[in-house]
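Heads up, the next two complexes both have chain A, just with different partners, chain B and then chain C.
The block that comes next holds the complex of A and B.
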């Protein structure tokens, strides 16, 4: 039971890190990145191959590097590689495209990456993937989950703290204003793609770190564990929880991903395992549509800091009402 | 259709000569190439239907529906389950088409129209489409299971039609596709509804001001698009020989490729785009690892959106 809870919390923490990273891109900046899980996969792969030796896998297998670096270096390299890949993709796509075309391009890119990873054996070992990724310390399995939980929770705390700092900084304000109205922002002389590039890279870095944590806790890596579809689920979690708010991101990750996964475990099973997954996805889809329809801000909407005052839409009718009253 | 490709053929083969086959086999390479062209035409006839459907809907509603692939799967499943109950294939396809058309209308009424009335950003509609795709795809899994199924019909033995190797099923699909597209063209060009549709697509407000019931136009467009999509779905399944709940979703981006190639929201462009995508994927599939076939279509999508987002054959106006 204790093992079950720690395992659950561990996955919850890792998913939360991913959603917090996605929140930086979509919530703060409005960049719709459907290839997010690709960065998680890349980070995981790099973290694995930089820490495992050449002979870790029994059947051999072909993968690059095979350095036996300490885990924290591997984790960092994974994050950095994901961030660099993010910067490259950003350079090609985000600067040129409007939101919905950006979405199509990122999904297509995610599928291409996945297809290459799954098909091209010399680099990624094809569909087999990697196994026997070394544990970060050697203890019993139950103890190891606990260690990973502590590590992930720590990193999650750092990520939340960082996104709080970004939200309240001038940098965060600039990103939000660019998201709301690029023309107005440029009228204030602040048009530049650099802030968006930075936040995109930070988001991808966090994705890579989360991927590294994931691969260290399950000690295996396969293309089928990183399907492009997962990006949609992360995005759904973010929107339901509340885009633009890190508490919303945390809530979404725990409620929509973990909560649903665990609740469906207690459902009376009718049919097979595929059915439970399907019901879960249907619930996610329905909740996503309903949230968009009736509560677009999510469960915990983005906070308007006090110096913003209220959004103009709510102020205008009141002012008009006052004017009418005065006229009478 | 192949008239303009002579120069292309020569260049392509010259380029490929040292790569693949033993020397002194120019004839062999040419025939291999033409076979790939035949497959390309067969693929194109399926993709064209779906791409025209997507383009038609986008031209009227101005947003991209991510659930289209799943509509395709839905139509194919309805037709499949009808054939299992002993209904013949043509009737089954019509049944699937009508069911998918109704699904489209329902999706419009329940999901998209409320958003359109709120006047939300296109991104929101897109994400709602993703949610709808989740629902449809997994509802199909719940009803018919995740295991791949097969139609109880075969396309017949391969025939040598001119230089191409095609099955009678491919030919039938090609003919169906051409007939449907010509019918669509006649409808768009000569009927009152076609006129109303074109007006709505060009300027919805102006159309409304002229007394066109634009919501009715939108509903009928969803129905028509669903109909075409379902036929395309069955064609796709007959070509690929298996059907599972993710079939359409993976094909979706190939279709987007055709739509974008022809210019988003331009049904006639989408036909040409489908032709190009079909030929491109099949010909490259003949020379590269076939697993990369769809990746090539996706690559086309990316490159086009980056460098020529208005499509290859850009003209003014959406349906002109």
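The block that comes next holds the complex of A and C.
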């Protein structure tokens, strides 16, 4: 039981880091990036191959690098590589496309990346993936989960701190304004793509770090753990929790991914094991539909008033969207 | 009509723009004198808004040149034009609906240190005092424009007239040399309209040049030093409002007699028709 809880908390922390990173892109800036999980996968892969060496896997495998750097260097490199890849993708897509078109292109990009990863053996060892990624310290399995939990919780705290800083800074205000109306920001001298490139890279960096933590926790990496559909689940978590609000991102990750998904595990089993996954998807889908219908702002909607030194006055999501509709 | 004396802040020379094959503005020349309020008037479809869009960089002129402070700004992008010191409002007020009014306004301030992502994250000390100053400036501007009670309301909840006022505050926040106001009183309650007029006069008194589009002659007579009359893409005439409104071309353009021409004469302008 203790194992189960610590495992759950560990996964919850890692998922929260991902959702916090996605929140920077989607919640703060309005960039709908369906390829987000690709950066998680890239970060995980790079973190693994820069730390596991050549001899970890039976029969060798055909992965690149095979360095034996310390884990924290590998983690960092994973984040940086994800951020660089993010910048490249940004140059081709985000800079030119908006909203619906951007979403379509990032969905395509996610599937292209996934197929390359799954089939191109010389680089990623194909569908076999990686296994026997060494633990970051050698200890018993139970202790190791605790160590990873502490590390992930610490990194999550740093990510939340950073996203709060950004939210309350002029940089965050600029991103919000661009999300609302780029004609206004450009009429006041701001070119859109530079701040958006920054936030996109920061988001991808966080995704890469989360991927590294993930691979160090489960000590294996396979394309099937990084299906493009995972991006949708993260996005659903963000929307349920409250896009734009860092607490909403945390809550969404725990409530939706952990809570609801794990609850489905306790359902009486019927049919094959595949049913659990299907029920998980159905539950997430239904919750998302209900949220979008009845509480668009999410469980904790975006707020900004309280840091102007005034009593917090929450704008109900209904009013918020009515206002948007009027404005258009 | 255009001259290069230092009295002119903005000079427009033979500017033209076409949507598809239709020239909305053609061979337009006029200038805006420093420190004055210049009104741009004309019937619907005269090309006034197209002119404002070209001046602010949203549209790039097909022909002609635009000079601001003697420098050529033709074809610059909106962000570049803005950095030269031109701020604008929009024909239909564009507010960032979900953000509080005060954020809508602070946003326009130029050279914000905290917009650098690294400084935003790692050195709050470098931008905190600037942010404080901007917040004070924005709230006193909004106070001055009668929006003091709405600092924290989401801008989407403002009324039409309040949105116009907020847009003026936002433009002022950029400390512009030239303000382009596209119909600042359209759809506005008469008393708000008076407030806007007196504020525009005060803005001009502080040395900010204003070019505005308006339809209401009463409003224009209180704010504008000079008006430029456009019709069918051309400048008909310019001068003080009392004189201009007696001008035969203007009368015919407004009353529509200019539209009476031979059906096969092709796309001629009001001026050509009037002289026929």
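The definition used in the following text is that the second predicted complex is superposed on the first by the 305 of 328 C-alpha atoms of A that agree within 3 Å, B and C clash if a C-alpha of one lies under 4 Å from a C-alpha of the other, contacts with A are read in each partner's own complex, and residues count from 1 in each chain.
As a working rule, a residue touches a chain if its C-beta (ideal position, glycine included) is under 8 Å from a C-beta of that chain, and two chains touch if they have at least 3 such contacts.
Just so it is clear, the model here is predicted, and its values are computed rather than measured.
By the touch criterion defined above, A:296 lies against chain B but remains apart from chain C after alignment on the C-alpha atoms of chain A. Of the two partner chains placed around the shared chain by superposition, neither chain B nor chain C is touched by A:219. Once the two complexes are laid over each other on the shared chain, residue contacts for A:166 go to chain C alone; chain B is not touched. Once the two complexes are laid over each other on the shared chain, residue contacts for A:132 go to neither chain B nor chain C. Once the two complexes are overlaid on the shared chain, A:185 sits against chain C while remaining clear of chain B. When the two complexes are overlaid on their common chain A, residue A:284 makes contact with chain B while staying clear of chain C. On chain A, the surface touched by chain B in one complex and the surface touched by chain C in the other have no residue in common. Looking at the complex, you find that chain B touches chain A at residues 63-64, 111, 114-115, 120-124, 126-128, 130-135, 137-139, 141-142, 145-146, 250, 253, 256, 260, 289, 291-292, 294-295, 298-299, 301-302, 305-306, 309. Residue ranges on chain A touching chain C, taken from their complex, read 162, 165-166, 169-174, 176-177, 180-181, 183-191, 195, 198-199, 202, 302, 304-305, 308, 310, 313, 315, 319-320, 322-324, 326-327. The part of chain A that touches chain B in the complex is made up of residues 30, 32, 92-93, 96-97, 99-101, 103-105, 107-109, 111-112, 115-116, 118-119, 232, 235-236, 239, 274-275, 277-279, 281-282, 284-286, 288-289, 292-293, 296.
Chain C contributes residues 56, 58, 77-80, 82-83, 87-88, 90, 94-100, 102-104, 106-108, 110, 112-117, 119-121, 124, 127, 131, 135, 151-152, 154, 156-157, 170, 174 to its touches with chain A in the complex.
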